[in-house]
Each structure stands twice: as C-alpha cells, then as structure tokens.
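The next part holds the structures, each set out as structure tokens.
In what comes next, subunit A is part of two complexes: it sits with subunit B in the first one and with subunit C in the second one.
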Partner chain A sequence: MHLVIIGNGITGVTAAQTVRRLQPAARITLVSDESEHHYSRTALMYVYMGHLRYQDIKPYEDWFWKENRLELVHGTATALDADQHQVQLSTGQTISYDNLLLATGSVSRRAGWPGQDLLGVQGLYGLPDLAQMERDTQGISRGVVVGGGLIGVELAEMLHTRRIAATVLVRDQHYWGSVLPPEEAELVDKQFRQHDVDVRYRTELREILGDTDGRVRAIVTSQGEELPCQWVGLGIGVTPNLSLAQSSTVETDRGILVNELLQTNLPDVYAAGDCAQHRQPGAGEVPIEQLWYTGRMQGETVAHTICGRPTPYRRGVWFNSAKFFNLEYQTYGQVPARTPTDIESFYWQHPTGNCALRINFAPTPMML
Partner chain B sequence: MEVTSDHSFALAQAPLPVTDAKEKATLAAVALGLLALLGAAFDDDGERARLSMYVALGLISGGTLAWAWYKFGQGEAGVKQNNLWLRASTSRGAIAWVTGLVLTGFYVLLYWFPQYLENLIRTLDPFSQALRNRAADQWFLYGTFYTLAVLLMGGRALWKYRHSRYQLIRTLSVMFFQLGFAFLLPGLLLFFQQPEFYFSYFWPLKYDYLFPGGVADLVKNGGLGVFMVFWGAIMSLVATPILTYFYGKRWYCSWVCGCGGLAETAGDPYRHLSDKSRAAWRWEVRLVYPILALIVLITVLLWVNQLYGSFLGEIGNSLNKFYGFAIGAVFSGVVGVGFYPIMGNRVWCRFGCPMAAYLGLLQKHFSRFRITTNGGQCISCGNCSNVCEMGIDVKQYAQRGEPIIRASCVGCGMCSTACPRGVLNLENAPERVGIKHRNSFTPIRCGY
Partner chain C sequence: MGLRLRQAVCENWIKTQTPIHTVIGRLKTANFDPEFYRRHEPAIQRQFAEILAVKR
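Entry: the complex of A and B
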C-alpha cells in the first residue's frame, strides 16, 4: 500500500506515524511545500520571541523520517487525478497513490478589507508568515492586531517582546467573546493592561491605508479613527486550504467534505484536520475543527480507516488550552461564554486576580 | 512564498535585544568589580590588594543583585525567556566564548598554577583566619568565589522563578547547602582542629571518602572522624538508595549537591545550551557509566591492596592519580564549569559525574519518581526540551503522553515550570496501579 499524504502538519504526520505502526510494510510519502520537516505550528511565536530556535520547534530530529521510512517530498501538489490515482507536483513529478490523505491545513482569513494586500499586512499561520513578520516588524514603532482570539493575543505578546507598541482591535465587548465568560475575559484583559497593550473592544477594522511604496502607514477603525502603524497582524481566524482540492472533483464547501470515516466523495481519498469539513458533525460540535489537538486526533483516526480498520471520528470530551502572556488556560468539557439556563456555574477567583477556576454542572440529575 | 529547505530557511536576523541605560549601569558595576579583581590579582602590595578585593566583591555583588532584580524582580512573575537565543551571552556568541575562556583559564590557574593567584589568596587571609583559624589557600579562594556565585545568582533565580514555589524552595535549598555544608561548616571544623569534612559530598563523587587512605586519615582524628567515616558510608550506601527510591535523584542533584547548586544558580542562564540530540545522549551513556565503573574499580583495587597486602603493586594508586587529574580536575572543573556558556550548565553532571550515574541507575530502576505528562494538552512546542539542562528531549515523552523515567533527570522541574500548557508534573507518590504500569503505559489521548 502506498499512502500519499499532502501536508506535513500535525494531522499528516500523526496519520503517517499511526499507519507506520499499524502497517509496518506500508509505503508512506509526505508531500509539503512549506518546510522540509514537520515543525510545531503552535510554537512559531517562541521563535520570534527568542525563546527557541527554528530547529527547537521540530518535534522530531531529522533522522526520524528516514529511520521510520517516511519519504519526504518537498514541493507543491498542484493537481489531483482521482481516476488515475495520481498527484501532480510543482516539481514536474507525478506520484501514484493507493490511498491519498489531504491534510492541507488552513490559510489565514482576510475579510476583504480595503488595503489588505499592502506590504506589512499578514496573518500568522506558517513559517513564511514568521519570516515575513520578522522582516516587516524590524525597526517599527507600532503594530495593530485585528482579532480578539488566540492568535490576536499571541501577536500582541510577540510585538511586546520587541518593545513595539501594540493595539488590538476586538469586535466583541470583551476578549474572545465567543468562548470566554466575562470573568475569564477580564483576567485576560488584565494581562493586556499589565503588558501595556492598547485593546479596543467593540472595534473592527474598516480600512488599511498605505504609503506611496505600498506599505502600511495606518488603519481606520470602524469608529472612523485613524491609527498610524507600520504593521497589521490579522488574527480573525483561518479557513481551509482548498487550493489542491479545487483542482479536482473532490466535493468542497468551506472545507473538504468528509463523512465520519473522514472519507471524501472520491474513492481512496481522505481528508483530515483543519481542511476537512464534516458533513454531519456530532451534536454541539462544529463541522470544521482547527485545533492542534483535533488535527492530531483526526490524523490518528483516519490512519485506522486507511489501514482497513474503519474508525468513525469521535472527538469525545472537548478540551483545549492556551496561554495569554503569563496566564495559563485549560478547559475540559463545554464551558460556554454564556451559561445555559439549566446549568449552574461555580466560579472562584484568587484575590490577586491571577488565578481562577470555573466548574459548570447540572444542579439536578438530568432526565435523559 | 515558498521556503525551500530547513537549511536555507533563514529568518531575517532578529534585531539585537535592547539593553537600556539602567541595565547597562548594573552591568557596568559588575565590570568595574571584575577590573578591581584583576587589580587585586596583580597588586603585590597586600594592603592595597585587599582593598581592591573588597571593592571588587562589593561591586560584583551589588551589581549582580541590582541587575538580577532589574531584569527579573520587577513586574509580573512568570516565565521570562525573551531573547534567550538572540543574546550573544546566552546563544554561544562572542560574549559567551569570552566568558568560557575566562572561566576555563581560572580553573587552569587554580589547579596547576596557583602561584598566579597568590595575591588574591592573600587578600582573603583575614577572613580565612576568622573562619578557619588559618591562612587562606587557593581552595579557600575557590570556595569563597563559588559560594558567592551560588548566593548571588541564587538571588537571581529566586526572582526569576518566584512564580513557582517548587523552584523557590529548591533554590533556597541549594543556597543553604552550599553556604552551610560546603563552606562554613568545613571551615569551622578546621577552626576547631577537626578534619575539613564536607557532609554534603559523598562517594563516588567525593571518592576519597571511601578510599582506604581517606578513611585512615579521618579515623586518626578520633570520635568525630569515626563518625565522618560512618556518615560517608551510610550516606553513600544506605541513605542514597532509600532517598532516591522515595524522591528520585533530585534529593541530591538539584537540592543538595554543590555542583548542582552552581549549575542551578550561576549556570541557569545557560541551561538551554545542553545538546538534546540522540547523538549527545549516546556520548552521555558512553562516558558516564564507564566513569562510574572506573571509580568503583579503583576503590575496590585500593581496598584489596589495603587488606591483602600490596600484591597489585601501584596499579590502584596510578589509576587513582589518573582519575584525579582527568576526571576530578579536568572534567569536573575545567570542562564542567568552564564550558557552561557553550555546552550548558550540566556538562559534568551529565557526561562525567559518577554520583549522578549511580543515582541515575537507582532512579531508573528503583524509584517512585517520575514526571507524568498530560499528553492530550501537549502542543509539541519544545519549551520543555529547551530548558532541560540534562539534555533530555522532554517533548518526546510529553507529546506521546508517556511518563518520563530517565536516569539523567535531576528533577529540577524546569520543564514543568516552562510548559505553557501545564502538561508536565513531577511526582513521587506511590502509583495506584502498581510500579509495573510504567513499562506498559499506553499514551493517553484525550478525546478517545
């Protein structure tokens, strides 16, 4: 069996490792145009801040791939021919597969703002973004970050370590309004204040203004205020990377459509991780999951199906974690921003305001 | 934009971190102190040299503490690693090489050319007289500098890691053992005409404590000497396995030992420099276990000679001399500390220390201590591996959700302190499912 995996992120690599374990004889090829070796996307910020070097965020040493007979191809998959079971590469090479896993990840979302293609406007998703940020933030005095989510706070922290003044535009009335209850959001806001980050709530980006060289010189907020800045970081989320999928007859919506076995509409073609959209997500679950953890779980699950052990993807208990400057955050189970009426919430906060615990529970045994 | 390969993947050079005027002032005080020290070393006028020495110690101490407070003592507590790999001093840049050369040079003088340190040694005579009732020698000079380094940089560690109670207590512990057990107490023993004994160093690190000659020297001193022999033997052969069973190697290596004390304090800025590669690990096991075997062999040979007449001739003594030079002086001193800024702060502990090897074997096979990992929350960021001074690639365990049971782990807990997602936890409580499960552990994958 020759498994070809497009993408060497956490989903593709986890699938490759799992297939290697389940089918020691399988031939496995990983194709990536982003980096020669797998690296931890979530650790990009630490390279910028000088905590780590690029080689430190590679989860495996370079000998790992050869010793586990994982063939690495560095190039862009440009076309997929499902009838011939072939993938065309930018290098001119054609690879035949028995099974194909699309784990192409995401691209940063842009909302169609005027000026969004100016120099100095970017998201933070991959290595090229890191290189761009390194280049475009040198010697600047102010950056504006758009988005009150996980990437937004990371970008603000990164700028802070370079002593670049940061302004963060947050659409909601408090930080990460779709996820965090107000008390927790206040703890994060305190971190912003302690690190001199200027956060504008209920504020969106209207327009990015450029200078004569096509570089960012300012932004205009939804309130009409013009803020001078030399760099704009976009942290409003990511959207599935469909560039290969759209070259083929694979069905897509926002993402590549998959059933619960993570199969696409094409025979022997699977999709998993950020780029996959579940046709029938579980109750209370979103159709597109864009987390490191879900990528890993989907990669492990799809490997079983590929190896002839059909395994439906079941995410199980929700969990996630993050770190906001010095504030560590972990969550297990559903703790929504607004507590449902049939659920009670216990919230404790340390007097210093640096530490809190919330437990949501059903006050009486629920009738099922 | 396409990145063509890891090797050609080059980020634009990050700007050099800014050192502001206040930080420069504190560093200038330290630099002036070092100049005054140099002055003392080259001044044959005893009175003036002593004055120079006092000025030097004052400036170095004040400057270091002021710098440490300025860098780490202010603002909110938390992990402070910014620019670690960008600063020349902590990323094998020019400053690091100069620091390494100066440290190495100092050790060379100390071991083989102490005559060049004579002026410095004499400046400490009044202090030595007061503490030990005798003139200073090069080892007293060394002990003074060493203890000062542990205390001053211990202050830095206390500020830097003040958000972690474990790190606070552990740092205070190494400061206490260095000052009390490795400096003041041996000095006081000399004051009272007793053998200069270090209650915090044991065979096989302090190998002569269980050599026939060492034992004989101590026993000569009567009751206290006999107790010292007894203490050394009990600590090495009975207490070490018991304490290691309950707490792991850390009870010694990162809480008590003086080498560990220096590494955890003065060496803390260099902890990330230890090589995490598999190749480095192979060197580690090739070196540290043979060194343990060698010192055990030497000890046995010397005792055989002692008990059965010297039918082995001089082989035991020759080996002992070789060991003292190659391992005791060159490895533990010159390389062990001199190479801090290049190879990390635990070169000796990791590649050379026979005590660490002995404790490591116990830790791996007969100990409750382990670092458990909540693999579900691991993001493979590599911060844990980065701060591991023993060169363990911690993330290999964390990302698989496996507990870490490694001979070399000194239990400093920095991986846990640095982890942004709360994945790692040091534990030594009895395991509920019995000791066996450590070998048949299946990774936890939250969500399954």
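Entry: the complex of A and C
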C-alpha cells in the first residue's frame, strides 16, 4: 500500500506515524511545500520573540523521517487526478497513490479591505509569514493588529516584545466576544493594559493607506480615525486551504467535505485536520475544527481507516487552551460567551484578577 | 483563567454529569497546584454556599 499525504502539519505527520505503526510494510510519502521537516505551528510566535530558535520547534530530529521510512517530498501538489490515482507536483514529478490523505491545513482569511496588498500588511500562519514579519517590523515604531481573537493577541504580544507600540482593533464590545463571557474578557483586557497595548473595541478596519513606495503608512478605522503605523497584522481567522482540492472533483463547501470516516466523495481520498469539513458534525460540535489537538486526533483516526480498520471520528468532550500574555486559559465542555437561560453559571475570581474559575451546570438536578 | 486543570478529571466530571456540589468539593483533585487550592478553596466554597443560600 502506498499512502501519499499532502501536508506535513500535525495532521499529516500524526497520520503517517500511525500508519507506520499499524502497517509496518506500508510505503508512506509526505508532500509539503512549506518546510522540509515538520514543525510546531503553535510555537511560531516564540521564534519571533526570541524564546526559541527554529530548530527548537521541530519536535523530531531530522534523522527521524528516514529511520521510520517516511519519504519526504518538498514541493507543492498542484493537481489531483482521482481516476488515475495520481498527484501532480510543482517539481514536474507525478506520484501514484493507493490512498491519498489531504491534510492541507488553512490559509489566513482576508476581508477584501482597500490597501490589504500593501507592503507591511500580512497574516500569521506559516514560516513565510514569520520571515515577512521579521523583515517588515525591523525598526518600526507602531503596528496595528486587526482582530480580537487568538492570533490577534499573539501578534500584539509579539510586537510588545520588540518594543513596538501596538493598537488592536476588536469588532465586538469585548475581547473574543464570540467565545469568552465578559468577565473573562475583562481579565484579558487587563493583560492588554498591563502590556501597554491600545485596544479599540467596537472598532473595525475600514481602509489601509500606503505611501508612494506602496508601503503601509496608516489605517483608517470604522469610526473614520486615521492611525499612523508601519505594519498591519491581520488576525481575523483562517479558512481551509482548498487550492489542491479545487483542481479536482473532490466535493468542497468551506472545507473539503468528509463523512465520519474522514472519507471524501472520491474513492481512496481522505481529508483531515484544518482543511476538512464534517458533513454531519456531532451535536454542539463545529463542522470545521481548526485546532492542534483535533488535527492530531483526526490524523490518528483516519490512519486506522486507511489501514483497513474503519474508525469513525469522535472528538469527545470539547477542550481548548490558549495563553493571553501571562494569563493561561483552559476550557472543558461548553462554556459559551452568553450563558443559556436554562443553565446556571458559577464564577469565582481571585481579588487580584489574575485567575478565575467558571463552572456551568444544570439547575435541577444540579449537575454538570 | 490562570489555572491549570487536569483534562482527564474535568472530562470525567462532564461525561458522568457529576453533581456540582461534588465538583466544588473535589476541585483540588483537578488542579495541578495543590498550594493554590489550599489557599483559595475555602473562598470558592464559601462563595458557592452563599449563592445557594440566596437561591433558596
């Protein structure tokens, strides 16, 4: 069996390792265009901040791949021919597969703002973005970050460590308004204040203004205010990377559509991780999961099915974690921004405002 | 926020629909920092008891 995996992120790499374990004789090829070897995307910010070097965020030594007979191809898969069971690469090579896993991840979202293609405007998803940020924030005095979510706060923290003044535009009236209840958002706001980040709530980006060299010089907010800056970070979320999928007859919506076995509509073609959209998500679950640990779980699950042990993907109890400057955050189960009327919410906060605990429960009988 | 809880313990509480009293009473089994709970558990339990008293 020859398994070809497109994408060497956590999803593709977990699938490769699991297949190696379940089927020692399988031939496994990992194709990826971003980096020769797998690295931890979640640790990108620490490289910019100088806490880690690039080689520190590679979880495996470079000999690991050869030792485990995982063939690496550094290139872009440009076309998929499902009838021929073949993938075309940018290197001119064509690879044949028995099974194909699409683990192509996401791309940063862009909202179509005027000026978004100016020099100094970017998202943060991968290594090219990191290099661009490194280059374009050298010696600047002010950056503007658009987006009140997880990437927004990371970008603000990154600028802060380089002593670059940061303004964050947040559409909602509090930070991460779609996810955090107001009390927790207030604790994050305190972190922003303690780190001198200027946060503008209920404020959106209207336009980015450039100078005669095509470089950003200011932005205009939805209130019509012009803020001078030399760099703009877009942190408004990510969307599945469909560039390869769109070269084929694989069915897509926002993501690559899969059933609970992570199978696409094409024979022997699977999709998992950030790029996959579940046709029938479980109750209270989202169709597209853009998380590190769900990528790992999906990669492991799909490997079983590929090895002839059909295994439906079941996420189990929702979990997420993040860090806002010095404040760690963890959540288990459903704790929405607005507590439903039939749910009680117990909230305790330490007097210093440096930690808090919320437990939601059913009132009668009183249980989780 | 600012706390680290054990995933296995929290998941089990949710899956088995554990009574809230039990959870509040056993918070320290979920926490990585026993010192934190030694200092703050009384305050958390007091606040929970006050809320219950108001509801009755």
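The working rule: the second predicted complex is superposed on the first by the 364 of 368 C-alpha atoms of A that agree within 3 Å, B and C clash if a C-alpha of one lies under 4 Å from a C-alpha of the other, contacts with A are read in each partner's own complex, and residues count from 1 in each chain.
Going forward, a residue touches a chain if its C-beta (ideal position, glycine included) is under 8 Å from a C-beta of that chain, and two chains touch if they have at least 3 such contacts.
Quick caveat, the model's predicted, so the values are computed rather than measured.
Participant: With both complexes overlaid on chain A, does A:Gly316 touch subunit B (first), subunit C (second), both or neither?
Facilitator: A:Gly316 sits against subunit B and subunit C alike.
Participant: So, A:Thr76: does it touch subunit B (first), subunit C (second), both, or neither?
Facilitator: first
Participant: More residues of subunit A in touch with subunit C or with subunit B?
Facilitator: Of subunit B and subunit C, the partner in contact with more residues of subunit A is B.
Participant: Tell me which partner A:Ala356 touches in the superposition: subunit B (first), subunit C (second), both or neither.
Facilitator: second
Participant: Classify the contacts of A:Glu184 with the two partner chains as first (subunit B alone), second (subunit C alone), both, or neither.
Facilitator: Touch status of A:Glu184: second partner only.
Participant: Should A:Gln194 be classified as contacting the first partner (subunit B), the second (subunit C), both, or neither?
Facilitator: So A:Gln194 only meets subunit B here.
Participant: With both complexes superposed on chain A, which partner does A:Trp292 reach: first (subunit B), second (subunit C), both or neither?
Facilitator: first
Participant: Considering only touches as defined above, state whether A:Glu328 meets subunit B (first), subunit C (second), both or neither.
Facilitator: Touch status of A:Glu328: both partners.
Participant: Is A:Arg279 in contact with subunit B, with subunit C, with both, or with neither (first, second, both, neither)?
Facilitator: Neither subunit B nor subunit C is touched by A:Arg279.
Participant: State which residues of subunit A lie in both footprints, the one left by subunit B and the one left by subunit C.
Facilitator: Shared contact residues on subunit A: 316-317, 319, 328, 330, 354.
Participant: What residues on subunit B touch subunit A, complex-wise?
Facilitator: 1-7, 9-12, 14-15, 17-18, 75-79, 81-87, 163, 277-278, 376-377, 379-383, 385-386, 393, 395, 399, 420-422, 445-448
Participant: Would you mind writing out the residues of subunit A in touch with subunit B in their complex?
Facilitator: Going through subunit A, the ones touching subunit B are 10, 33-37, 40, 42-43, 46-59, 61-63, 74, 76, 127-128, 130-132, 134-135, 138-139, 161-163, 194, 292-294, 296-297, 300, 314-317, 319, 321-323, 325-326, 328, 330, 354.
Participant: Show which residues of subunit C lie in contact with subunit A when the two form their complex.
Facilitator: Going by the criterion above, the answer is residues 1-5, 7, 10-11, 13-15, 17-21, 23-24, 27, 36, 40, 43-44, 47-48, 51.
Participant: Which subunit A residues qualify as touching subunit C in the complex?
Facilitator: 184, 187, 316-317, 319, 327-330, 332-333, 344, 346, 348, 350, 354-357, 359, 361, 365-368
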